[in-house]
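Heads up, the thing below is written out as structure tokens.
Residue numbering begins at 1 within each chain, and the chains themselves are lettered A, B, C and D in the order written.
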Amino acid sequence: MPGVPPGLRGALPVLIALPVVVVFELLLAGSPFATYLLSIMGVNIILAVSLNIVNGMTGQFSIGHAGFMAVGAYVAGVLSLSLKEIALSFLPVAVSDQVFLLLVLLLGGVAAAVCGFVVGLPSLRLRGDYLAIVTLGFGEIIRVFVQNTEMFGRALGLSGIPQTAGLGMVGFWVFVVVLVARRLAGSSHGRSLWAIREDEVAAEAMGVDTTGYKVRAFVISSFFAGIAGGLFAHFVPIINPGSFTFVKSMEVVVMVVMGGLGSTTGAIVAAVFLTLLPEALRSAFAAMGAEGSLAQKVDQIRMPVYGLLLVALMLLRPQGLFGTKEIWEVLPRWLPRRRKGLA
Amino acid sequence: MRRFVPMLLAALAFMVAGCEKKTQPASPETETSKQTAQGQGGTAPATPPVADTPPTPASSDTLLLGVATSLTGGQATFGVSTRNGIELAIKEANDAGGVKGKKLAVRVYDDQGKPEEAAQAVTRLINQDKVVLILGDVASSNSLAMAEKAQAAGVPMITPSSTNPAVTEKGDFIFRVCFIDPFQGFVMAKFARENLKFSKAAVLQDNKSAYSIGLTDVFTRKFTEMGGKITGVESYSQGDTDYRAQLTAIKKAQPEAIYVPGYYSEVGVIARQARELGLKVPLLGGDGWDSEKLYELGGTAIQGSYFSNHYSPDNPEPRIQKFVADYKAAYGGVPDALAALAYDAANVAVDALKKAPDSSGKAIRDAIAQTKGFPGIAGAITLDEKRNAVKPAVVLKVGDGKSEYVTTVNP
Amino acid sequence: MSSSTEPTPQQLADAPLLKAEGVSITFGGLKALTDFNLAIRKGDLQGLIGPNGAGKTTAFNVLTGVYKPTQGEVRVGGQKVNTLKPHQINHLGLARTFQNIRLFRALTALDNVKVACRAEAFSDAAAHGVAAAALVRGGVLTAIAANCRTLVLAGWWKSLLLTPRFQAEERRITEQAEHLLEVMGLLHRRDEEARNLPYGEQRRLEIARALGTQPNVLLLDEPAAGMNTREKADLMVLIRKLRDDFSLGILVIEHDMKLVMGICEKITVLDHGETIARGAPEQVRSDRKVIEAYLGDSYLETHGGAA
Amino acid sequence: MAQLLQHLINGLASGTIYALVALGYTMVYGVLKLINFAHGDVMMVGVYMGYATAFALGKQAQKSLWGVVLIFLVAMGGCALLGFLIERFAYRPLREKPRLTALITAIGISFALSYGFQLDIGFLPGAAPRAFPEIIVPTEWLIIGDRDVVVWNWQVMSLLIAVGLMVGLQYLVFKTRFGRAMRAVSYDHRVAALMGIPTDRVIAVTFMIGSALAAGAGLLYAIKDTSVSPLMGLYVGLKAFVAAVIGGIGHVPGAVVGALMLGLVEEFVVGYAASTWRDAVAFGILIIVLIAKPGGLFGRVAAEKV
């Protein structure tokens, strides 16, 4: 961003983005389906981008992201259930609801971040697949815990959470996580993370506190996973353990890898694509003989097809959509190119 | 940073000071409508959006019904039965000339047994496909998710087999054609205590299914109230196939019966393993048992066990026999309770569509609410003011390849 | 960090930048390094030689904290570092290159160096010290506290808010990195991925990266390996230049006698982990033990068996 | 006391099944350093193959010895083929690529198989579980007291088979020429190729063996728990994987020990503590083991050469 006074540069994206999300929200207020789909998409983007900070940038292989999401979702959910009937006297209800939402989201995020820290600690000793399986195990433990806790609604799940998370809020957090990821990547801290991914020993020898950075990567990423969970809990009518299984974690990992490890924009594109894919298949199948007797079976075919598409995509583009690069680095030359490592 | 923290605290204090009860009443309808208003960005006015957005049918000569149920995932087998039941009902309705000269069409979406998918499917059905009415799901948590959306959009919804009371409490557009957990739990407790004269029972519940937990709670409470003793509650998770550990633990307490409020997919195997471990006492269960697969999975082991159900497929009534025959012809195999209930739900819907003056959400809702003594396969359906079906339950005894009717328990 | 052996300013002043006293390390039964002594002061340019498997690289790893010495102590800038982590030792002013090149392969040459020139290296170091120490003590809560503190101290929030100060910092880092690339004659490779650089340039990039951490002592592990005579000649000049321009103490591991003899004022000879000779090049060259150790090795070939 | 004994037996029984599946995981990982997430689903497919064969044979034949042998052969052969195809078309093209990509294809295949078999279209079985025919007529092998403790013939059988296979694998890996090739490949398949080892063939064969093992394990599993369903692979696969990691993935006896351990722990947690916490405990143990020994019980993490 040339020609922008440095003082403003920090705030500029905020100033641009906030009106955009608000406009978005107003435009789509009329069509719940689009709103819902976009919200799910937003949550997936947050998950993918945040997981990318650990898996992509730091090269630590974590597959327990759904666990952190669950923590955020349930903490935030329980909190706003208890705050449901309360409003701020000096604000209109709608606004005060948003204030509370922001509050519980943050709390949920912090709770998830603490868990992230606890899970991050093993990463000081474990490598590769062993770390992976530990994160997976953690995710499952969280699920079992929720399933056995009366407060969390056990198997039935938690319903009646005020549906206060509009597109605006989701969009805002999407924007925040992307901003954080990009600026991290551009900062010396981000470079330290890259360094750890590339060669831990060398990084350590060059004065990078590898253990510290790894843990902090976990903390940040799980914080946003928690936020994603919190948002999820505030526009999906009911959250139950079935939504946070390791299959969910896998979906997020798939997004990250498909986007290209370390590529924030890649993660975003992959998240968007993989969220729309099932709906697209649905439309496609509905289009061909919707009410035929086949149509009843059609919707079942989506998931197997989804699986096969994954295989095909990885075979076609093993390095992910953009490799480790960002989208503008792989776009055609005539577009103004930007140097890697600048936010 | 140093100055930042106190400021934050101050702000918090201010907010806490400013807290107060929300002014408007929290009756389900306004509550949910307000929520959706928020859901759409806190911008829409806090009035029920029911009136101002009447869903219009897909096209003039067909009425489109929406179904969302789990066709894949852990509960797929129940979803498939549900789908078949509905499909059959609609086919028959169309053969009978449809509704007011219009053909009926169903659009079935898979929710993979996940609430968020269910909500997504329903939102799509309502807003993209413009269905006039929604049927589904089996699992209560999914139905709850769907109910929220349907209620908000003012599209009536009938759940065939979600037995959790909370579902219909979501609002006045949500109906159900089956009895609810508390009643079913009570039925089996009563039967075990009074007919079978059991005084010691153990419970083996499916910890992954709210349905199973719900039944367990009621059964244990009622059974102890009636002077029985629960020797212990063990749990498994849907999808397990080895229950020996639980059964070995149960065996120690030497109960006279084991209450297994799970789904047939597990119960059959449980029975086999119980016998294998030398547990000869009968198993007791609920409508989740009902499927001909039960006899295949349970073999001789399951024989002599009892379960409460919505109907008995060998009820001589011609109406029922016809249904069973048609279903066999169409899908091969005796329809299970889920299929029967789905069939009923679909028929109630068709009936309501016939009665309703127009196909607006409100009109159909009122028509459904009128349903009285509707001759369903699974007993006559009368909807009470809570929009739940009030109907008797039957208790069946598992025999060889089929189960005999034992008794009927009225609410 | 280890507050027990906090040296007085006076000591710090006249202590050698890097000092190893009676350092030994054993893997299982094997004695990889026995009673190793070394002192490097500002402006020194020393060599560490010995036949293959003599324990040269092991010595490097002990000095830089990759291995913990089983006996003896290592002092950097007068401070005992036996228990410290490599990055903490690095913060005290000790940098190294690797025998088997260990660049951040997927990063550009510039970023490789920028990783080394960390922002506010010292508050960073301090903060990380706190976190690490807390972790060592094992208290999760203390560790959490330390971590939050680190997030603040290490200025992550600055990078997120993109404060003017942070931008200035980034600019400084970039300039510094570019300067180093220039010194090592790599500026034309600025935006190339490290893995695509030719071998010789990769070695030089490693040196540039090491310099990025603003060290007082630089350890070079076979910097000339795989270079041809011309490149080696240039390298000799370069190393001297670095020593003077950055006022470093340099310790070189090298097989090539000519190079070592050419540039080093003082040479330590290792064989089977034992120090068999130490002194000026000509002393070492004429030392019996050394010749024995090298018998039939490149040394005799290059010097026609002179003894 | 009797109860304890019964739990012990049950635990061992399920442990041995985990072990057989875990062996497959461990072999493939050892050679390819790839977590083959589709392994469990390959097992599931194998079981359905056996199921189909059993029906083709009919009630009598399927119980006869040769019938049983045939069933096992068909299932294992079929899975070997399936494994070969998966390796050839989904993994081999990605061998030189970052390992994560292969992992994703593995997940993709896992989805395709486990969801695909839930369809009730064509030959696909549909979601509902089926009762697996009693191809091995269960008979009490040992009865203590008034059926206080019962040991069944198939429990003994599967234990013997598991141990036998473990010994066999151990021999294969450490005593045979092929085993040497395997180890060479697992150490560094590029160098191995340079040494004239037909890397592709070795990996393919390893995959086929692993898949065949999975099928065998699956059949024993189906005999034990008398049912087969499309999702069985998911649950068993995950548990087996955990077992393999506990034992130190890539380490054959380790996998078996880990699996038996897991089986027993689960059994006793359910039997004596809260059955609802079974999985949590299983994973808790996994985590504790890994934090205590980052390479699993028997595996060791290769120290990086600096």
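The rule is simple: contacts are C-beta pairs under 8 Å (C-beta built on N, C-alpha and C of every residue); 3 or more make two chains touch, one makes a residue touch a chain.
Just so it is clear, the model here is predicted, and its values are computed rather than measured.
The chains in contact with chain B and with chain D alike are A.
Across the assembly, the mean Cα position most removed from that of chain C is the one of B. Contact count check for A-B and A-D (C-beta pairs in contact): higher for A-B. Chain centres here are Cα means. That of chain A falls 33 Å from that of chain D. Chain B and chain C have centres, each the mean of its CA atoms, that are 69 Å apart.
Chain D has its Cα centroid 48 Å from the Cα centroid of chain C. Residue positions 115, 118, 120, 274, 276, 279, 306 of chain D are each in touch with at least two other chains.
Within chain C, contacts with two or more other chains are made by residues 66, 98. Across the assembly, chain B contributes residues 71-72, 74, 76, 207 that each touch 2 or more other chains. Taken together, the chain D residues at the contact with chain A in this complex read 29, 35, 90, 93-94, 97-98, 100-105, 107-113, 115-116, 118-121, 238, 241-242, 245, 249, 274, 276-277, 279-280, 283-284, 286-287, 290-291, 294-296, 301, 304, 306. In the complex of the two chains, the chain B residues touching chain D come out as 71-74, 76-77, 79-80, 207, 234-237, 239-242, 244-246, 248-249, 251-252, 265, 268-269, 272-273, 276-278, 291, 293, 296-297, 299.
Chain B makes touch with chain A in their complex at residues 15, 18-24, 26, 34-44, 46, 62, 71-72, 74, 76, 83, 87, 105-110, 112-116, 119-120, 123-124, 126-129, 140-141, 144-145, 147-149, 152-153, 164, 166, 207-210, 212-214. The residues of chain A lying in touch with chain D in their complex are 55, 61, 122, 125-127, 129-130, 132-134, 136-138, 140-141, 144-145, 147-148, 200-201, 246, 250, 253-254, 257-258, 261, 297, 300-301, 303-304, 306-311, 314-315, 318-320. The part of chain D that touches chain B in the complex is made up of residues 3, 6-7, 10-11, 13-14, 115, 118, 120, 126-131, 138, 146-148, 150, 152, 221, 224-227, 229, 231-232, 234-235, 266-268, 270-272, 274-276, 278-279.
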